Amino acid sequence: MRETSFNTGKFFALIIVAVLGIFMISPFFDTGSGKKISPRLENLKDRVSLHYGLKNVNDASKNIEECQGDYYTCREGVKCNNVIYKETADAETGPANLVTSIVLDYRAFDTLGEITVLFISILGVALLMTGFPALPVKNESMIQSAGAKFLVPIIMLVGIYIFLHGHLTPGGGFPGGAVIATGFLLMFMTSGDYNFRSRRFKTVETAAGTIIVALAIAGLIFKDSFFANFLPNGRLGDLFSSFLIVIIYSLIGIKVGSELSVGLRNLYTGEKDD
Amino acid sequence: MILYSFLFALLTALLSLFIRREYNYIRWILYSAVLASLTFLIYTMNGLWGYSESFKLLSVGSVDFSLNFKVTPLSWLFSFFTTGLSLSISLFSIVKNRHEESERSIGFFWLILSVCNIAIFLSADLLTLFIFWEAMTFVSFFVISPGWTKSFKAVNYYFILSILGAFAMLVGIFFLYSKSATFNIESNIAQLFVLYELNSPQAIFITLMFVLGFFTKSALMPFHIWPAEAHSEAPDDFSSYLSGIMIKYGLYGSILFLVPLFVFISKFSQTQPMSNHIPLFSHILAWVGAITSVVATFLAVKSNDMKRLAAWSTVGNIGYAATSIFILSSMGVAGGIFHIINHAIFKTAIFLSLAAVKYRTHEREMHRLGGLAYKMPVTFLTFLLGIIAAAGIPPLNGYASKWMIYQSLLSGRFPFLATMIFLSSTGAFMYLFRALHSVFLGQLPSKFDDVKEVPFLMQIPMYILMLLMVIIGIFPGTVLLPVNSILKSMNMEEIKVTYTTMYSMLSSVDAPIVFLVFAGSFAFAFILYLIGKPRRHVELLDNYTAGQDPKEFGLTREMYHFALKFYEPFEHMFDKYPRTNTKEFYDSFERKINETGSFIKKFYSSSPRSAVYIFTLSIVLIIIYGWLVW
Amino acid sequence: MVNIMLRFLFAAFTSIIMGLLFMGIGRKFIARIRRHYAGPFYQSFIDVIKLFSKKSISHNWIMDFGVMMGFAGIIATIIFMPIGPFNVFSQMQGNIIIIIYFMTIGYLGMAMGVAASGNPNATIGIARALTLMLGYEIPFVLTVILLVFANNSSLLQVMVVNQQGGFMEWNAIRYPFAFLAALIALQGMLGEQPFDAMIAPSEIASGPMVELSGKFLGFGFLQHAAQIFLETGIIVNMFLGGSQNFFIFFAKQLALYLLTVAVSGIFPRYRFEDAVKFFWMAPTALAAIQLIIFII
Amino acid sequence: MIDNRLIYVMSLLLFLVGLYGVLTRKNILKMLVAVSIMETAANIFLIGLGYISNSSAPILSESLKQVNLLGSNISDPLPHSLVLTAIVIGVGTTALGIAIAVRLYSHYRTLNINKMGDKDEL
Amino acid sequence: MSYNSAILLIAAPLLMAFLSFILGIFNKRIPAILLVLTLSFNFYFSTYLLTLVSSKGVLVSVISGFEPPFGINLVLTYFSLLLLSLIYLIILSASVVFVSKKTDENTVKVATLLFLFTAAASGLLLTGDIFNMFVFFEIFAVANISLISLKKNKTSLKGSFKYLLLSSIGSAFLLFGIGMIYGTLGTLNIAEIGLRFYELSPLTGAFIFIMFLGAILSETETFPFNFWITDSYKGARNFVNILLGSASSVAALYIFFRLFFTIIGYPINNRYEFLISMDARLIIALISAISVIVSEIGALSSKSVKRILAFSSASQMGMILFAFSISDFNSFSAALTLIFNLSLSKAILFLSSHEIMKGAKEKNIESFTGGLGRNPVFSALFIFGSLSMVGFPLTLGFYGKISLVASAVSASGYFSILVFVILLASAAELFYYFRLMHKLFVSEQNHTEKTKMNWFYAASGSLLLAVMIILALMPKFTERIVSSAAGDMMDKTTYIERVLKAEDLK
């Protein structure tokens, strides 16, 4: 719009946003006929995620006879296996953390997409940043650089812990990788001359990517569907359960970590293909 | 057999592209050979009416595209005489294009154009007509301005108008198609008639669409500006093709579609308003034709460039033909078709002679030419005969068709149309004589002293055309008998005509007698001439200047040639009436589009924030629209 | 075949002789009005014979061809006009449209010949003549259309037959306005005084005639004479019900001619644009009114 | 006590704030911040979908041995995984935006969006 | 009927993307060659799948072993595979052009980018899950942004920033839409959403409709939302323009179809031909008509050639959206023919215009003069491309335009009025294409020597041209493709039945 007196622009923007707001809020207070978004969600009864929670997607609607309280019985001839923490072994999906089971098992394809998003945006940043003069970091104080050198290994450790326990505790490959990247960011911020050769990080990153896709294709070969979990799941809840999920999440952790650090380095010192 | 000949012609066109520049006369000989074979092919098809050929293409959705051709008397006559004429023109252009610098593309596209031309005439249903109609419009763009910057501005008018016309026709065709679900012409006419009966506004809308399509192509009233631009800027030999043949498609289309429709209405309809017992719509169209001819005449009187003058005279003649067609009497339609054919012949003759003049003198403005008759007798003779025919003076073919048009107008009780046609035909004589005088008679400028006649190959078409004009002038039956078969095929009653005399309700004309009378009186005058004392030849500049020798007071031959403001006083007569100029209207329209374009572009190059601004604004507008509608 | 030749020659000679006779009488009549002496009535015969015997100059072959064509055109038109009872061709008694168009041959021929002479005065004259033609053509055509509608045929002979039977039957009486318009148009056609801008001696050295000498001027004279005979003959046939015997026909023609000469004696010369404007105003209005009266 | 509708409304308001920010800020980086606010608002909306009052996180652990059938003791795990992906997408686009902003700054020497419209080339 | 190995179409380029960096270390040219190989494999595989689907009907391939409504699945319909093989063809030609470029430090990165672009496009067209479509939509947008900003000059950066802003706002809208769908219907599978969408209350339906509209219209270059096109087309590199012009527009049109015609739908007289309601279609028709007119006028008055081509591609997209909004069998087949015409001839136009303007310093119309003399091959290509784009009789564009007019005229009143607008616009389009073509014919006085002709460019250009000519001249072949694809588009019920494996849908 014309960049003259700026407040008219603001005034109109306010009106537009207000009208959009009224429209977007109206469905929530809608009293019309037909299915509408309920103000209070009681249970997951009519949602897909119920079966994700109960880990009984394969025999979901076909075989459930009737259900009371926490248990349900299936029709005869079909094994009903209610999932109990620390007891059921080899459930439909290994991890106790239901979110990770969705992220890496039920909807693994999303995660694959997600990895490519991160990979491509960092690639975009690298392409944009080629041949960009490095930003000089002025007068970094000695305390900071020393403190940083002390803190970084601990940060790395926390990061590795997070993505190793992805299937039990909240968080997984992505938060773990991000924590690792913050370690490197701290190094950049505090010591001006710190730099590392990006080629090694990139090889690590792409290797991890290739292995993940290879595992997925292996799933296709062994279990006849992409990203199928062909390794045994082990007992629900303990550290060595759902092996494939752990492997993939750690690979994702490494990949995200190296990616983000390379991305941050590019933003700081520009991209040099050393 | 028709389609294979088309493919053969297109193939030769493609192959001829690779002939190198120095042998370009071979390319043009190839073209005339192809045209000759096409003419012969069409000639052999005479008589076998109803021979049809179809070639299924593709059916996307419910529309199945197929090219089907049918030989009817109307299509045979039109395709035969147009290909014949283009054959004679191509003879002319063999020599002319020896030194033309972009003649490779002209030749290539010209041959494609003549193939489309035949295909248009032979097409049996509306879709094939439209396909070749649009192809002809696109291809003619490249021939009129083959890479010459000045002619690009001129060709824009032609191009835009004929595209809009073609698209209007497209809409018309498909409105009908959605109702009658077929493309062939008879059922569509019946369907349109039914629509008229239901008196639905859609019927008038569809007919208007077709009228728009035909009138833009034939440069009638509201769209009459483009011939003056396109014909004068086109390559010289092509402008004879352009005004001889290509301007006739609109009239052909109206004879094919509109005339049978109006005849149908005038015979059976109860609901339609009738004026002078023909449908009001067709009466209006006749009036449009008459007004076009008058306006064209007045504008022709003003033009100083010879090709522009000839172009305006084409528009005028098209006006006559349209008027006579749209009064729907069988004499009128026959007169119209006859006039179209005659006009093609004498207009090609005129344009060919102008092209010959331009070939020799490379000059287009009339006041810089003059006295060429003494140097180029054959061209002068063709031009003279062309003018006599164009003005409708008896011995030649122009008179025969004009006479029929007058008979139809008078017997059909259209007094004012007849006067307008008379006015424009006398006006025609005025500006045609101006062209004759300024180009061929009067003083010969000194720089053209060494101009010699055009090479013999270029003279052949001139002789052919002269011969044609005289033959049709004396034996009008040669053309009128096929025209009669056309009338029979359109189930209108035939006109009484024998090979020599033409009968009409009011009177009859025996063409050979008219010619004999003229020859006899000429002999009488010649005898008288011999009786008188022999005369002495005197040099051109030595004439009556009240005793002084013109050379003394520095008078050169160019200055002595009165041609620049030939009818200037006549033009001043109209000064005080305000005249709207359609050209300004089109130019202002184009300027407005450019302004809106730059306004839109300003948005596109403005900052990203305004992009987002308008993004959200339009979402909000959609929401508000949604609220209003629901 | 010989019969047609004879009839052709008879028509041609009568037209020339009567034309020259009318010119001589006209000249004497003008002299009477302007009170000066004019030579004997056969003066124009003498002029023509004198001109044909003198040497003459011509610039190129087109000039000779053009002048001949001019005269031939007028003679050809006369053939088609019924001279009193006599008709050269029985079945085609003067189709009015042919006559109108044949007259233009005369003009074209003369114009071409004169233009080939290269003298700008000549071409200016021709330009004026053509514009003037555009002027008087309209009223004349309107009257023709009126008569064609009235007699439902475009043959002069039929018109003459419809006007037989006494004085009251003449078209001049039935359609007075049309007759008036035709007279004014006749004035223009003959190039008489008010509308003779095209051969104005003072402005453009007698216009087209400037380069003609000797037999070419003779041809000019003959053409003018034949033209007088022709145009008066047409008006007589159309409006005064051309009679059955020759003398009454010639008398009517003479009366008409003298009327135009009288008018030319009085009026000064018009500028030719005003002449064209005048033609488009007065006579056309008259003819249009008549037409409308006829249609309603 | 907060129920789903409150979360929806709050996320929508946050979204509108973000949108208003994009519309009115002059500085590119502030625009990018506003864009990421909009993305987080969308994520909050997604999370809000899965919120069941007084239910625990969807992780089986000592305290939560088993998911009861009607699924009312855990919040809906699916939105969590969706948000996980959506956040990364937000990060990706913002990273790219920053890189472009840096580049634009190196060209125009200013981050003010109004001065970037190069009027010369229409 | 499940066919699980269809996932290779997505997995192969993804694997190659990750591998290509490692291979790139040895020799910079390997990834580019790999790119061409994978693309030809994908093209071959998708045509094979096409024949399979045409015989067996809609196929479903399940991912990670869980049945559709719960797991993510790929749906192989005739329509999507047809468009996919079209996209592969275009990316193949773009990569052939890219391979011919000399290698600098970015070739490896750009090769990976192209791999990811192919993966995103195939994922987008095949996925059967709405959130997965959102993810691939994002990958697609990010890929486009980085492709546009390759050249790093002012216009490309501005263009990519605008694109980034608009697409991130669009993705936020899409997220809200998906959230609303999940909140009410509780499922993310497109088939199930399509099945149960009519139960939603009108206000929620409107909410979702507007959210989807906001998300996708900036991608399909419709007027009020496409302010990014001029800068990005002008600034982008040549092969990026080819991709942008045709491949991403085809993908955007596909998403538009899936979002509006498969998901949103109101059943009419309980037959399962789910059609979106009349006034919703009217909004789309109105927007697309306005977009056609405005971009035509914009193109008419702009001087730089790439900007003209950008506007003309926006107007063609507008026409296709208009054809979608009429939504009956004729208009879908018209839309398909127009899609073929748009993508193929747009690619040829960008390719040849780049070659013709190689020497000139500023890339506007004047640099076209004397093209035929300087560079005959590419000027001929340009002429063929623009003739087909403009609708020269018996070319692809002609069939599309004529059937569009036919279907619009036979549809209800509003559409026949709007078709006038479309025709006026195509008259304007004719004008500026012919102006360009005329410039080519102008013969320069000083006969400049013929520019060095890049064989790779010529190869890919003539490949595309050959395909276009085959489609135009082999009527039976095109007819079969178009009618079966249009039939598949209309037939929403088999889509749902096959995916959800529910035999009777009642």
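A, B, C, D and E are the chain letters, set down in written order, and residue numbers restart from 1 in every chain.
Here, a contact is a pair of C-beta atoms (placed from the backbone, for glycine too) under 8 Å apart; a residue touches a chain by one contact, two chains touch by 3 or more.
These numbers come from a predicted model, not from an experiment.
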Chain labels contacting subunit A and also subunit E: B, D
Those chains which touch subunit D and also touch subunit A: B, E
Graph separation of subunit A and subunit B (steps between touching chains): 1
B-D or B-E, whichever has more C-beta pairs in contact: B-E
From subunit E, the most remote chain by mean C-alpha position: C
Chain whose Cα centroid lies at the greatest distance from that of subunit B: A
Centroid distance [mean C-alpha coordinates] between subunit C and subunit A, Å: 108
Distance between chain centroids, defined by C-alpha means - subunit D, subunit E (Å): 28
For subunit B paired with subunit C, centre-to-centre distance based on mean C-alpha positions, whole Å: 36
Subunit C and subunit D: spacing of chain centres that average the CA atoms, whole Å: 100
Numbers and ranges of subunit D residues touching at least 2 other chains: 15, 19, 22-23, 31, 49, 78, 82, 85, 89, 92-93, 96, 100, 103, 114, 116, 118, 121-122
Residues of subunit A touching at least two other chains: 3, 9, 13, 16-17, 20, 23-24, 37, 47-49, 52, 107, 110, 113-114, 117, 120-121, 124, 128
Residues within subunit C bordering two or more other chains: none
Pairwise chain contacts under the document criterion: A-B, A-D, A-E, B-C, B-D, B-E, D-E
Of all residues in subunit A, those that touch subunit B in their complex: 1, 3, 9, 13, 16-17, 19-20, 23
In the complex with subunit E, residue positions of subunit A that touch it: 23-24, 26-27, 30, 32-37, 46-49, 51-52, 57-58, 60, 105-110, 112-114, 116-117, 119-121, 123-124, 126-128, 130, 199, 202-203, 206-207, 209-210, 213-214, 216-217, 219-220, 223-229, 273
In the complex with subunit A, residue positions of subunit D that touch it: 3-5, 8-9, 12-13, 15-16, 19-20, 23-24, 49-53, 57-62, 64-72, 74, 76-78, 80-82, 84-85, 87-89, 91-93, 95-96, 98-100, 102-103, 106, 114
Of subunit B, residues touching subunit A in the complex: 607, 610, 613, 616-617, 619-620, 623-624
Residues on subunit B engaged by subunit E in the complex (per definition of touch): 56-63, 65, 101-102, 105, 131-132, 134-135, 138, 141-142, 145-149, 152, 156, 159-160, 163-164, 167, 170-171, 174-175, 177-178, 593-594, 596-598, 600-601, 603-606, 608, 610-612, 614-619, 621-623, 625-626, 629-630
